[in-house]
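One chain, subunit A, links the two complexes that follow: it is found with subunit B in the first and with subunit C in the second.
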Partner chain A sequence: MRERRCTAAVVLSLRGGSYRYPGAALDSLQDVSLELPEGSITGLLGAAESGLSTLCLVLGGLAPRVIGGELRGTLSIDGQDVREWPMHRLSESVVLSVGQPAGQLSMVAATVYEEVAFGPANLGLPRGEVMARTEQALDRLAITGLAGRDPRRLSGGQQQLVVLAGLLAMRPRHLILDGPVSHLDAGTTERVLGTLLDMAAAGAGVLVAERRTTPLLGISSNVVVMAAGRVRAVGSAEAVLADPALLALGIEEPPVLRTRRLLAEAGLGLDHEDLR
Partner chain B sequence: MELRLESVSFDYPAGPRALDAVDLVVRGGETVAVIGANGSGKTTLLRHLNGLLRPAAGRVLLDGADGSSMTVARMAMCVGLAFQDPDAQIFAARVSEEVGFGARNAGASGRHLEAIVAQALDDVGLRGSLDTHPGDLGTSARKLLTIAAVLAMRTPIVALDEPTVGLDASAMARIETLIRSLAAEGRSVLAVSHDLRFVAETFSRVVLLDGGRVALDGPPEDVFDEAAWPRLRASGLEPPPAARLGARLGLGSTPTDAALLVAWQRTSGV
Partner chain C sequence: MKPNLGADHALPPGVAVRGPTAWHRLDPLTKLTLSVATVVAVVTLGGVSLPALLGMLAVLLPAATAGVLPRVLHISLLLALPLAVSVAVVNILFTPTGSDVVAELGPLRLTSEGVRLAAEVVVRVLVMAGAVTLYYLTTRPDELVASLQAHGAPARLTFVIHGAVAMIPRLAERAAAVTEAQRARGLDSEGSLLQRVRGVSAVAAPTVSGAIAEVEQRTLALEVRGFSRPGRHTLLWAPQDSPAQRIVRWCIIAFVALLVVVRLTGWASPW
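Right, the complex of A and B next:
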């Protein structure tokens, strides 16, 4: 049972984190410090090879615990060092989704319902609670209609939703999501981002790692930019995403801002009159 | 090479109808983006092109030859398919072997094979990683690797399932250029994508699938025209930013940034 304590926002924190994959000659993360407070969505942006996915693996506890390699620095929740916690204990607080949804399916569940129930069932919750959480997660992502289907025989986007529903059903305090909307259409993307905002409003700390800027525009209070394994910029989403220095780091300019810039460069600056 | 789908239907066991009487003709040099909501049949459609899936009804024809009489291996010499999930495609322990596998099966060997592999890696920006283990590559590079492996087969038709997922801005620009240059060589490209800005900027034709049926089929100017938005939105899709802004400014259909610039320059007389 989780201890009830009177605290301000609970923070998942990495301090001075450097990580090297097993057999690698160089560190993939170098001296990364990041705080993920409860009740907010932090965006994590970076180009290829910037360390985005690696940082997710570290924050989610998979590296080095499962993957091996060496982590220096401290990873803590609420001031407690979690590096030595067993995975089952950590997963009561922190859940992780990786980039390719098919790679995250349990491969032991015959139906979507069982797949989503897999996490809460492994938390040792009573049956009724597992079912309630499963059904609520399916409903929240509007995939109740898929409940009886074989998760291995769904489309990539549907699998991505099933994986997310499985994480929601864990009711974690922290969600580390690597490209959670990469395979989703616009309408479904909006539903997922809305769900993440609701979870943050209810107190969860969410990290959304993206190579694209658009999904972060409306949801992140704070954006962290990575390049070459280091944190390069931290700030409000508006300030960071509008910074032309992003392009130099290989990061996509938000398409809306790009269109506006191209018009301005052609001497066609937009004012509000034009948009009436 | 002409690709022709005649009333192709397909059902997954215990699943809904995935393709429902799809008719589609793609000619050499055409670039076709297949868009649609999650689960609308896009990947299922691509998997029919090289025989990985066989139609329950209807026919897939390659230059008039019925695919049902061809093996997957033979169809794959005509249609190269890069999977959505790179980890479902990659099998080799070295990048050079991964990229050379299909080309070797197509009969290339020795120096010629080496040159083909080098060119394909160059085309996707992975030069210099010949001896790397694919598992040591990052997400973006693994995706590019699977596209290189398909390019190396030099098929007249190239099919790409979500080619931009996991890519950063520079890799995405490279894929846009690559698709245009394939078309310029007279090869045709079919790609599934959710990124409608990428679709509008890159492809000459857009096909919207809904519930396994073709709901829209035309050039980006038509498919992203304001008149078609209700249809797109019924499928959970949002037109690209340039199209939305162009419509808002009363400029007609401007699916791309370039179209928007030209249209506005014309009206504002700059």
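Right, the complex of A and C next:
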């Protein structure tokens, strides 16, 4: 597979990262190096058991700080080694979404509004600032109408939006999102991806981890492919996602690109924009 | 210290909704103090009449004021009656110090002392169940958390307390969902005693393991959102406390403390 390195300014960086869970015999990540440039969206792609979620936990600071285990290598933000930073300090810069949406609710908030405000409130910001960030995050994801609802009584897709809003309200510099659109319908997926593009345009570094290729096409400037805990390819989204070798790693080719390839093989040279 | 909540920025409708009655709108610490004090006092007091009077004043009267009297009676009877009845039966029939025999049934002797002791136990259990039920029905867990934080309690402590208070209804919801899922897989949880016992074990294990897994995932989610940051966390709102309520709370605590001291030191004979 071809490799192409991004040349934009580096913000969040993992160098030679190898991670082993507590009590595990083998490393779940092996010598992974990843750079999350500011103002861009990086796609992280892999099949089940490829190490996607583990890498997200490491980049988000939860591994090994909270879940234990052993991390070798360097995790840095703007050149500063953050491995010794306490979690609450790291959370002012990096936020992470991983796991089922219902499991990411605080369970102390009676309403969606308070759930979204939970993060900024933990940071000790002035009340007016907390409310402003909350309302902006709700508005960005078009869920202001859910503000007075009990978050535990929402559908899985609505809960996912609430979780995302809660992270956006933190106004992080880096977002690590594991499967952010997995519970969403097509329309809501478009809305969320649009919000992520807006955040990247405003300077945030966003990592979107997915097991499906389609959500990454069109938003990611770079894609990193993982398999068996190792990085197998890094490059532009078009180049990486169009590589038929992805199939051997258990990753489907995006339908759009597959259609284009098949048409090209049949002598009908339609390009990507035509297929949209 | 009263938190500075910046009253000029109002919360949207549906957020921080106050309770429907004056009792609901009391500070949760006031209601919690009364509930705990009632439980301690009813255990300390002897006899039947004083615990019954306490139950009327501290449980039934506030419940009626809050419009939840039927539900308090229903739930506390449901919770307490099986225990109360079983303890009463044991006391009635097996009081070793009873001498005034009212009736005999083979080796079993019904004594007036046993009946009086049973009545005391029944009243105590019912009043305790009523006090706890009244608190649960008129106080949301998030109100308690906000009140504790407004009074300076650390965020971690309030979270633990919230978890303890909200644990039972949440476990019940989870158990109901697991039961439905197991039934869809063919579990027969009704019928003979053996089938019911099998049904309980098929539900209990996934309920508990699911709850533990949920705790682990939630811990990660909380850490990501800066929960472990030391120092004050911002409050969006807090229940309405007042100097009068603070005075009442301290008076209740002082009264119950005095009650306990008097009872333990035997200054007065059992009532």
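Here is the rule we go by: the second predicted complex is superposed on the first by the 248 of 276 C-alpha atoms of A that agree within 3 Å, B and C clash if a C-alpha of one lies under 4 Å from a C-alpha of the other, contacts with A are read in each partner's own complex, and residues count from 1 in each chain.
In the analysis below, a contact is a pair of C-beta atoms (placed from the backbone, for glycine too) under 8 Å apart; a residue touches a chain by one contact, two chains touch by 3 or more.
Not measured: the values here are computed from a predicted model.
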Exercise for the section: Scan A:G60 for contacts with subunit B and subunit C and give back first, second, both or neither. Expected result: second
Exercise for the section: Classify the contacts of A:H88 with the two partner chains as first (subunit B alone), second (subunit C alone), both, or neither. Expected result: second
Exercise for the section: Please indicate which partner A:V108 is in contact with in the superposed arrangement: first for subunit B, second for subunit C, both, or neither. Expected result: second
Practice task
Return first, second, both or neither, reflecting whether A:G68 touches subunit B, subunit C, both chains, or no partner chain.
Solution key: neither
Practice task
For A:G99, select first, second, both or neither according to whether it touches subunit B, subunit C, the two together, or no partner.
Solution key: both
Exercise for the section: Considering only touches as defined above, state whether A:G203 meets subunit B (first), subunit C (second), both or neither. Expected result: neither
Practice task
Tell me which partner A:R127 touches in the superposition: subunit B (first), subunit C (second), both or neither.
Solution key: second
Practice task
Go through the superposed model and pick first if A:R149 touches only subunit B, second if only subunit C, both, or neither.
Solution key: both
Exercise for the section: Check whether A:L268 is in contact with subunit B, with subunit C, with both or with neither, and answer first, second, both or neither. Expected result: first
Problem - subunit C-contacting residues of subunit A that also contact subunit B - result: 99-100, 103, 149
Practice task
Within their complex, state which residues of subunit B touch subunit A.
Solution key: 12-15, 36-39, 42-43, 84-88, 136, 138-141, 162, 165-172, 194-197, 233, 235-238, 240-242, 245, 248-249, 257, 260-261, 264-265, 268, 270
Fill in the blank from the handout: The subunit C residues in contact with subunit A across the complex are 4-6, 9, 11-16, 140-142, 145, 155, 158-159, 162-163, 166, 170, 214, 217-236
Exercise for the section: Show which residues of subunit A lie in contact with subunit C when the two form their complex. Expected result: 57, 60, 62, 65-67, 86-88, 91-92, 95-100, 103-111, 113-114, 117-128, 130-131, 135, 147-149, 163, 166-167, 170
Handout entry: Complex contacts: residues of subunit A adjacent to subunit B
Key = 24, 46-49, 53, 99-100, 102-103, 149-150, 153-158, 161, 179, 182-188, 211-212, 247, 250-253, 255-256, 258-259, 262-263, 266-268, 274-275
